[in-house]
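Reading through the C-alpha cells given below for one structure.
We just call them A, B, C and D in the order they show up, numbering each chain from 1.
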Amino acid sequence: MYILAAFILLIVMAFALIRAFKGPTLYDRILAVNTFGTKTVLLIAVMNFLAGRQDFLDIAIVYALINFISVIGILRFFEYSTKLPLDEDL
Amino acid sequence: MTAIAITRMGDLFAVVMLSGIYSLLSAALFLVLDAPDVAFTEASVGAGISTLLFLATLKLVPRYDKKSRYKPGLALGVVVATGALLIYGTLDMPHFGKVDAPVHEHVAPRYLNDSLEEIGVPNFVTSVLASYRGFDTLGEVVVVFTAGIGVMSLLRISRQAKKDAKAKTPPDMQQQVILRVVAKIMIPLILIFALYVQFHGDYSPGGGFQAGVIFAAGIILYTMLFGLSTAQKVFKHKVLEILTAFGVFLYAGVGFVCLFMGGNFLDYDVLRHDPVHGQHLGILLIELGVGITVASVMILIFFKFTWRTVKHKYNQ
Amino acid sequence: MEMLLDILSWILLASGSFFCLTGAVGLLRFPDFFTRIHATGITDTMGAGLILIGLMLQASNWIVFVKLVIILLFSLLAAATACHAIAKAALKSGLKPRTKDNREIEPEEQPSKP
Amino acid sequence: MNVLGLYNYWIVVILMLIGFYIVIAHENLVKKLVGLAIFQTSVFFLYISIGKITGATAPIFDEKWQLYSNPLPHVLILTAIVVGIATTALGLSLVVRIQEAYGSIEENDIQIQDTQDQLECQLEAYGIQESLTTFDQDIDE
C-alpha cells in the first residue's frame, strides 16, 4: 500500500516537473516548484514507513519549512524586480 | 533524476528554480541511500539558502543569458571524452551496495561497533563528525567562517551609503497581510525546530550544521517579509560578527580545554570523570559552536546580499 | 480493531493519492495559470491531509504521531498561504484570468471555471 | 550483471558531465556557478553511493537493525555541503562585484574589456596617442 502511494506521488512529481519545464509563465514554474515540494514532503513521510525507520520525519518537517521559505523568497525577489515581460522567450 | 540537470535555459530565474527542484530531488535520493543527515543538510542548504542567494544575486545582474557566440562542439567533445575515460575508470570499482567493498573495511566497522560504548551517541554520524573526526570538522567550520569573512569584505558597504539606503528603504511586502500573519506563526516554530535539531542531533538526524542553516532560514524569512531594517534591529550586525567568531572560538576552545585537562586536542574523555559523559558534553558544546557559526555566517551573507539589492535599487 | 485501523488508513492513503493525482493532471492539462493554481491548490491540501492522516493511523509510537501532526499543520498553513501569495503576485503582475471575453491563449477550447 | 552493478557510478558520471558542460560551454557566470553546484552534487552522490550497503539502514542506532550503512562518507559530505554553500556564496558575491565593475557577467564581454584596457595601457606606454575606435570596431566584428 505504501508502495502504491509512493508510486503515485512519484508520478505526481513527474507531472509537476514537466510543468516546471514547460511553464509558459514564471508563476507556473513557481506553482510547480511549490507542488513539487509538498509532494516531496508526503513522499518522505511515506518512505519513512516504507523503510521502517522512524527518524526520517524530521526531514519531512524541514522540507515543509524550507519549501515555504523558498517559495516566498522567489516571490519576494521576483515581485520587486523591475517590470519584466510576462512571457519568457525561451 | 538526471532529466532535471538539463538546466540550459535562457532565463536565469527558471534555471535557479530548476536547481531548487534539483536539490530537493537529490536530497530525496540521499534519503533513499540511507543518509538522512546528508539529506537534511542538502534540503535545508541546497533548496533553501542557496536558492535564495542565487535569487538575491539575480536581482543585481541581468536576468537573461546571452546566446553563446561559439559553437558548443568543442566543449561537448571535451565532455564526452572525459566521460568515456571516467566510465572506463569505474569498471574497476566495487559494485553498488556490496558489503565487502574496501570502503567498509577500514575505519567504518570501528565507528559502528565501538562508538556506542566509547561515545554513547546513537547517531553514528554525529559521533564520527564531532568526536572521531572532530579536527576535520573544526577545519570545515573555519572554512565557513573564512568564506563569511570573504563575502563580507567583497560586499562591503560604506556607512554613508548605508544611511542613505536606510532612509529610502521601502517597507517590504507590507501589503501581504495573510503572508505576514502566517509567517508570524511559522517563524517561532521554525526557530524552535532549529533548536530541537541542534540539541537532539545525538539521537536523530541533525546537528550543528543543519540547525544553523534552519535557524538562518527562519531569520531570512523574517527579513524577507518584514524588511531588512526591522530584522537588523533584532540581529545587530556587530553582534552577528562577534557570534561568527565566537562559534569557532567555542569549538577550538573546547579542544584547548581538553589539552589543558590532560587529554589530546578535542579528546572529550577528560572533560568529566566518566568518559561517556565527557564525550556528551564535548559534542554538545562543539555542535553549539558549529551551529552558532553557521547560522550567523548565513544570516550575515544574506544581509549583505540584501543590502546590495537595496543599494542597487536606490542607485537606480 | 487493528484490522479496522489498517483498512481505514489504506482507504485514506488511496484517496489521498487519488486527490494528488487529479491535482497533478490539472496542473499539467489546464489551459491557463489561474485554473492550474485552482486545480493544485485545493487538491494539494486535501491529498496531503488525507495521506498524512492515513499515515498517522499507522504510527507505532506517539512521537511519530506528533511529528506527523506537526507536518500536517505546517503543510496546511504553508501550502494554502503559498498558493495565495503566488496567485496574488501573478494577478498584480498583470496576468489576467482567462474568461469568456479574454481568451487569447488557445481560444478554441472551452474555458473552464476561472 | 557484472557491469550493470556499477550503475551508480554512471549516474554520477553523467551528472558530473552535465555540470562540467555547463561550466565550460556557457559564458554566463551565474550559470557557471549552477553548473558547479551540479558538479558538486555529483561528487556528493559518488561518496554517498559508495557508503550504501544493500539491505542496511541509516546509521542511527536502533535495536531492530544490525547492518548500517557506512557513516564516514555521510560525515564528509555533510560538511562538504555546508562548505559548498559557503564557497558558492563567495562566488556569487564575486559575480556581484564583477557586475558592478564591468556591467556584465558574460565572460566574453569581460575579456573584451580587459584586452581593451590592456592595449590602452600599452599604447600609452609607447606614447602613441591613437584613438581606439578602429580597434573597437574590429572586436565587435
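One rule holds in what follows: a contact is a pair of C-beta atoms (placed from the backbone, for glycine too) under 8 Å apart; a residue touches a chain by one contact, two chains touch by 3 or more.
Fair warning: this is a prediction, and the values are worked out from it, not measured in the lab.
Here the two chains linked by the largest count of contacting C-beta pairs are B-D.
Seen from the C-alpha centroid of chain D, the farthest chain centroid is that of C.
In this assembly, the C-alpha centroid of chain B lies 17 Å from the C-alpha centroid of chain D.
Rounded to whole angstrom, the centroid-to-centroid distance between chain C and chain D, based on C-alpha atoms, equals 36 Å.
Centre-to-centre separation of chain A and chain D, using mean CA positions: 24 Å.
In this assembly, the C-alpha centroid of chain B lies 30 Å from the C-alpha centroid of chain C. The residues of chain D that reach two or more other chains are 57-58, 60, 62, listed in rising order. Shared contact sites, meaning residues of chain C that touch two or more other chains, fall at 74, 78, 81, 85. In chain A, the residues that reach two or more other chains under the touch definition are 30, 53, 55-56, 58, 61, 65, 67-68, 72, 78-79.
Residues 1-2, 4-5, 8-9, 11-12, 15-16, 18-19, 24-25, 27-28, 30-32, 34-35, 38-39, 41-42, 45-46, 49, 54, 57-58, 60-61, 64-65, 67-68, 71-72, 75, 78-79, 86 of chain A touch chain C in their complex.
On the chain B side of its complex with chain A, the touching residues are 3-4, 9-11, 13-14, 17-18, 20-21, 24-25, 27-28, 31-32, 36, 39-40, 43-44, 47-48, 51-52, 55-56, 58-59, 63, 172-173, 179, 183, 186, 190, 193, 197, 204-206, 210, 214, 217, 220-221, 224-225, 313. Residues of chain C touching chain A in their complex: 10, 13-14, 16-18, 20-21, 23-25, 27-28, 33, 36-37, 40, 44, 47-48, 51-52, 55, 58, 60-61, 63-64, 67-68, 70-71, 74-75, 78-79, 81-83, 85-86, 89-90, 92-95, 105.
Of all residues in chain B, only 176, 178-179, 182, 185-186, 189 touch chain C in the complex they form. Within the complex, the chain A residues that touch chain B are 17, 20-21, 23, 26, 29-30, 33, 36-37, 40, 43-44, 47, 53, 55-56, 58-59, 61-63, 65-70, 72-74, 76-81, 84, 88-90.
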